[in-house]
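Alright, structures below, take your time with them.
In the two complexes below, chain A is the common chain; its partner is chain B in one and chain C in the other.
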Partner chain A sequence: MSRLFRSVSLGLFLCLGLLLISWWNLFAWSVVPVSGADVLHAFTSFNDQTIAHRIVLDLRLPRLLTALLVGACLASAGAIMQGLTRNPLAAPSVLGVNAGAALGMALVSTLPFLYGALSTSIAAMLGGGVAWLLVMLLGSTWRVGANEHGRLVLAGVAISALCAALTKAVVIMEEDQAAGVMTWLAGSLADARWQTWQAFWPVALISLIGALLIAPSLNVLQLGEDNARNLGINLLRSKLLGSLLVLMLVGAAISAVGSIGFVGLIVPHIARLMFGQDFRLCLPVAMIIGALLVTLADTLSRAVTYPMETPAGAILALIGAPFFIYLVRKRTL
Partner chain B sequence: MLLPAFKHLTTMLCMLILMSSAYAVTVQDSKGTFTLDHTPQRIVVLEFSFADALASVGVAPIGIADDKDKSRVLPAVQEVIGDWQSVGTRSQPSLEVIASLKPDLIIADISRHESVYYDLQKIAPTLILPSRRETYSDNLKAASIIAKVVGKEQEMTDRLVQHQQYMDSIAQQLPDHAILQFGVARADALFLHTDDSYTGGVIQALGMQTPISERDDSAYRQTSLEQLVALNPEYLIVGHYANPSIVDNWSNEPLWTVLTAVQNNHVYRVDPNIWSRCRGILAAEHIANDLLQIFSEQ
Partner chain C sequence: MTAQRFFPFALLMLFALSLANLLFGAVSLSLHDIWQGLFVGSEQHFTVYEYRLPRIFLAILVGAGLALSGALVQGVIRNPLASPDVLGVSHGAGLAAVFYMTYFSGASTEWLPEVALAGGICAALVLWYLCGTHSSAIKLAITGVALAAFWASCIDFLMLTKPLEINNALLWLTGSLWGRSWPQLQALLPWFVLVPFALGLSKYLNVLDLGDDSANSLGVSPQSVRLLSLAIAVALTAACVSVCGPIGFLGLVAPHLTRKLVGGRHQSLLPASMLTGACLLLAADLAARTLAPPIELPAGILTAIIGAPYFLWLLLRMK
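The block that comes next holds the complex of A and B.
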């Protein structure tokens, strides 16, 4: 009873926090002055002659919604990866998916013969998919019984480095496009508009619902592959389905706002710390915390070099990198 | 008997050679003192601004780092210098191609080519000067140094006087103190050229102003639509590197119409290559002509 009470109150607390941070995000550190009251008036009594109202509805709101959904996508992608590989260090940015997606996107946006051949989101998904496949093969996760944490992470680091080097080479060759690709590599929500949101939310929503649906089979996977098989789980199918979901979640998020790392690594750990190991509870909570974290980072991204923008990805890396080191150092994984 | 006479002759020859090399010219470049003991005939330049400086005094380089795209060289410069050999991109010029041209002078950019400075020196004497992110006055100073090295000091002094007069005459036909912002738009980013930029300097030289912002520490500043609204310049001039560019996308947004320049139809398109990449005396005069046309059409 007290456990249930604790979970419910924690959940309510998180939702309230999310609401407050969202409201703060809508007006904080605006170059054109916008107040907290302006935000409320923009929704209740919109006046299209008031610049503050326009900024809230045309710039801030799509940016906030995108931030929320990007956070949810990346956090659940990280949670699924950690569940699939039973590796607490697994995350899209650690296992090469981000770097691969970045390479895919850099290739289509700089190489003339690839212009228009693929949409950037499909290129991001393909690049991420190929990179992850390579990491899985190198880390030999498909071999029965082989589940070495270090090996998988090393493979991820190696493939990430390879992809980053290739991305850099592409950028050097096509210097004209470099500035755009660089902004994109750093991951920023500054240019998220209604257009971005409209292209982003359908894929994101479907993938998020898919993530919630595979939560029970992720729970069974945690018992070990042999036990899972004995319990009647089709291992290959769950792994493929999980991988596909991760690629959709990461691909959608990355093509909307660029490469944002560390959310997928940090958030599942926080969610497990608060709510335990059950993926049915962990996943939705991770989505909320992910949304909260990315929105917070986006708000701060306007503050750091006000009135200019710092990419939100840089802020998250600042928080995420020490956390990664902490996880590696902690031996009770 | 014959030997002393021969000795005398060699001494005289030596003196002649010495006299001709006494012509040596010394200037200060970005790495210190630069000395050249001959008038260069085969010059390779690694930035467009240097080609502009040479063309302004009627000297033709044999090689230009033109990003493998000849159309990037200002038409007015092309008219003077004729054809040239491309030596690759400005960011990664090909040392092999440069060496194969057997230059007797290389002019490099301190911002882009400092890392290959010593390699360039092995090929030919290298004059290294600012180009990327330079200001308008830096550009004119660099042009004077280049002219001195190629033995055209007097020509450049005359050319600069003529340039000043030309800019002043255009300035008189343009509105005083109009606030004008230039930027280049790519597919996903707008970079405004601040008052510290080359183009900002040209605009000021023409008697107009660039908007003052709280944070002006770089020549080019990436700017969001919101920051543009806060800056709200009277006139907005955009060079589009992409089609459609981010500014084209913004122009479909309701917030775009809040800009004063949009409401008064004061948003103009110019060639970003000429306004941003070329930089030089001839380029500045081209910009002045563009502005004259923009304001006379109103």
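The block that comes next holds the complex of A and C.
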């Protein structure tokens, strides 16, 4: 009873936090002054002539919604990856999916014979998929064993380095706007508009629902492959389905805002710490915390170099890398 | 291949690659042009003497320095995955240098190697604090890589929050030899005083391979050999990084390749690694300049494209 009470109150607390941070994100550190009351008025009594109202609805709201959904996507992708590989260090950015997706997008938007052949989100998924497949094969993780954890991560790092080098090479050959590309590679929400949101939300929503649906089979997978097979789980099918979901989640998020790292690594751990190991509970909570974290990072991204913007991904990487080191130290590899 | 046959072959390679670097580029020159270009007043003087020649020397020095540091680190830690860039030393040095350049924009670049050295030492100390002396090879590598990622994200953060200095820093940071000339060469050269000391250590490094107990009973203190070799490796890496930014995977690949060719005796391994590193970087720079002229790719990108798969291969073979 007390455990249920604790879970419910924690959940309510998280939702309340999410609402507050969303509200804060809509008005804080705006170059044109917008107050918290303006935000509420923009929703209740919208006035076309008020600049503050238009900023909130035309610029801030799509940005906020994108940030929320990107956070949810990346966090659940990380949780699924950690569940599939049973590796606490697994995450899209660690295992090369982010770098591969970025490479896919760079290739499709710069190489003339590919131009227009694929949409950027499909290219991101394909690139991420190829990178992850390589990491999985090289890190030999389908034969799960505790001592393979480190190898998988190092394989991911090497594939990431390779993809990043190739991306840079492609970008330098085709473009000389160093700063713009850097911003895009670091993952920024500054350019998220209603178009971005419209292209992004259908795929994201479908994959998020899919993620919630495979949570029970992820739970069974935690018992080990043999036990899972004995319990009637089709291992190959659930792994393929999980991988496909990860690629859709990450591909959609990256094609919307660029490569944002470490959300997928940190958030599932926080969710597990708060709500235990059950994926049916962990996944939705991870989505909420992910949304919260990315929105917070986006708000701070306007504050750090006010009145200019810093990519939210750069801020998240500053928090994420030390957390990663902490995880490595805690586990015996 | 034995050491006797390796050295003439590698020297020949080095000479051929240097010549190719002089000949090819955005404009191809003839041998006659190059000879003329060495003297003041000729048409090609700028291209040959101010542009290509110092760059070749730099590629040789940086390649040799990074490879030597890699060989020293691998010899000391006895970890096939170790190298200054995998352990985060290169990026630590890079962070210190970028910090110095963005926050003290009026400061002269004269102190860049020293600043980078301080950063490299700090990065090495942090790693040592986190891992201690007895971590498994994979754990050390992962912590190093994670630290490298952290330093890199700090660099990104600095560069993104200081967009005015970004072009300057980016130019320096990409692991490229572009735009470097005689002044950088002058800054780098004094650090190579350390090379004879490193070569002098090779005898003791051999003894270290027998294990700490044997080393002790042979009158060699393993701790001081380790400390000295690591200090030299960090200093050389930082000096190289301060000139052309972190060049990835060179310090990892060159010693491995050389060990395959000449064996593990440090007396021949260390100088041979230097030659291999110099050749690799010359080749990478040649490719970087000639793949899509007049655009230049950073040589570090090419070394990463070769080096990352090699790292994966090492990982696969490790038991």
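One rule holds in what follows: the second predicted complex is superposed on the first by the 320 of 333 C-alpha atoms of A that agree within 3 Å, B and C clash if a C-alpha of one lies under 4 Å from a C-alpha of the other, contacts with A are read in each partner's own complex, and residues count from 1 in each chain.
Following the convention adopted for this analysis, contacts are C-beta pairs under 8 Å (C-beta built on N, C-alpha and C of every residue); 3 or more make two chains touch, one makes a residue touch a chain.
Just so we're clear, the structure is a prediction, and the values are computed from it rather than from any experiment.
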Will chain C clash with chain B on chain A after the two structures are superposed, or do they fit?
clash
Tell me which partner A:20 touches in the superposition: chain B (first), chain C (second), both or neither.
neither
When the two structures are overlaid on chain A, which partner does A:308 contact: first (chain B), second (chain C), both, or neither?
both
Chain B versus chain C as contact partner of A:37, first or second or both or neither
neither
Please determine whether it is chain B or chain C that touches the greater number of chain A residues.
C
Counting only touches as set out at the top, which of chain B and chain C does A:159 meet: first, second, both, neither?
second
For A:172, using the defined touch cut-off, is the partner it touches chain B, chain C, both, or neither? Pick first, second, both or neither.
both
Just chain B (first), just chain C (second), both, or neither: which does A:117 touch?
neither
Please pick the stretch of chain B from 114-122, 222-230 or 276-284 that overlaps chain C when the two structures are superposed.
114-122
Just to be sure I follow: which residues of chain A are touched by chain B in one complex and then by chain C in the other one?
172, 179, 183, 305, 308
Using the touch definition from the top, list the residues of chain A that touch chain B in their complex.
30-32, 48, 51, 54-55, 58-59, 109, 172, 175-177, 179-180, 183-184, 190-191, 193, 195, 305, 307-309
Chain A touches which residues of chain C in the complex?
81, 130, 136, 138-139, 141-143, 145-147, 149-150, 153-154, 156-157, 159-161, 163, 166-167, 170, 174, 248-249, 292, 295, 297-298, 300-302, 304-305, 307-309, 311-312, 315-316, 318
Counting only contacts in the complex, chain A reaches chain C at residues 89, 138-140, 150-151, 153-155, 157-159, 161-162, 164-166, 168-169, 172-173, 178-179, 182-183, 186, 304-305, 308, 310-311, 314-315, 317-318, 320-322, 324-325, 328-329, 333
Which of the residues in chain B come into contact with chain A in the complex?
67, 89, 91-92, 186-189, 191, 213-215, 221-222, 224-227, 229-230, 241, 246, 249, 253-255, 258
